[in-house]
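Comments concern the structure below.
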Amino acid sequence: MITAKLIDTVWATRKAESLNGLKFMLAEVIGGSNEGQRLIVVDIISAGIGDRVIITTGSSARRMLGDDSIPVDACVVGIIDEDCKFK
Amino acid sequence: MITAKLIDTVWATRKAESLNGLKFMLAEVIGGSNEGQRLIVVDIISAGIGDRVIITTGSSARRMLGDDSIPVDACVVGIIDEDCKFK
Amino acid sequence: MITAKLIDTVWATRKAESLNGLKFMLAEVIGGSNEGQRLIVVDIISAGIGDRVIITTGSSARRMLGDDSIPVDACVVGIIDEDCKFK
Amino acid sequence: MITAKLIDTVWATRKAESLNGLKFMLAEVIGGSNEGQRLIVVDIISAGIGDRVIITTGSSARRMLGDDSIPVDACVVGIIDEDCKFK
Amino acid sequence: MITAKLIDTVWATRKAESLNGLKFMLAEVIGGSNEGQRLIVVDIISAGIGDRVIITTGSSARRMLGDDSIPVDACVVGIIDEDCKFK
């Protein structure tokens, strides 16, 4: 999984019907040599801008949504505790 | 998912039969440390050159086409609103 | 999908039985910040050295072969038209 | 698979329900040109900080958990022997 | 697929039970802009250190083992002929 910080919300009025109601956020990788890489993620656990999150990508991201037919490849699966300081 | 800008159309007369009728476009990643990376995507929601789009890759891209047998690994799943300014 | 140029043929006499009869080619990514990256692809649509092709990777590549049990993760799915000039 | 060193534990109280009880660790790639890249992995074989481990990613990581519905894309599948010196 | 050279054997006594009996090797990517990247692969076709091999990654790697439940994401699928000189 990826450690990233949520930095903004992304709005797309025109999109696949199955994506209606999902919240899309812009995330930026933190730590390691991939720092600064960006991706768009779906959040269904009420994460907010500024949160450090754990992101699952690929086919495993669809498991987060409980519906294998949704064309999503990255989801927030956890919010890292604020007092969790990792290297 | 990836944030990218559609920059051109790609034509391939000789291709897998299951790809007939699909529109292939060249997309360039915007933002983050992967900026400038390019990939070819299939668009079925009438996106156009210059649009900023959300792209889903991997097995999830096949979910956008509603046919799991098509050899496609990247699809436009949403068009980012023109007035959406994200960092 | 990836845009690449086929640059050579690769021969492997000793290989998985299910790969017998498949043509393996060396491809080099063209355009974007991944330019120069190389991968081996299977071609079943008679592409040749020098052709610019569209390559599908991952589980979607197996869809090109119509047999989900073959251990292949990259296939040529289209040959870009010679007169197609993209940026 | 990836060779990495476990460098810390990651705590996320708020997360997908199916992730309850799983141990998340921060791993850093060792060796090769990807050295220094970081990812979060699930460990179910009692690896500890400092251990060099083999990490499986993608859909194959779910095979380690024996439950295909868990949104995890990276797992420790082996602990490299302490006396194993590889280049 | 990836072209790589096998450079060493990796030993992990403590590992997932389903991995018992499999041979793990350290491979280094050759050619292209990913040259020098390293990964651990499973070999079941008797490749040896020094061999140049074709490696399949992701879900397709599990097809090489003929058992979809094994948590492996990279396998040697072919040994490149010694007299095969590619660019």
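Worth a mention:
When the chains are written out, they are named A, B, C, D and E in that same order, and each has its own residue count from 1.
One rule holds in what follows: a residue touches a chain if its C-beta (ideal position, glycine included) is under 8 Å from a C-beta of that chain, and two chains touch if they have at least 3 such contacts.
Chain labels with UniProt names: A, B, C, D, E = Ethanolamine utilization protein EutN.
Values in this document were obtained by computation on a predicted structure and should not be read as measured data.
In whole angstrom, the spacing between the mean C-alpha positions of chain C and chain D is 31. Those residues of chain E in touch with two or more other chains are numbered 34, 58-59, 61. Interchain contacts close the chains into one ring where each touches exactly two others, per the touch definition above. The chains touch one another in a closed ring; read from chain A in the direction of chain B, their sequence is A, B, C, E, D.
Chain C meets chain E in the complex at residues 7-16, 18-19, 24, 26, 28, 34-41, 58-59, 61-62, 68-74. Interface of chain B with chain A (complex): residues 1-3, 31-34, 45, 54, 56-61, 63-64, 75, 77-81, 84, 86-87.
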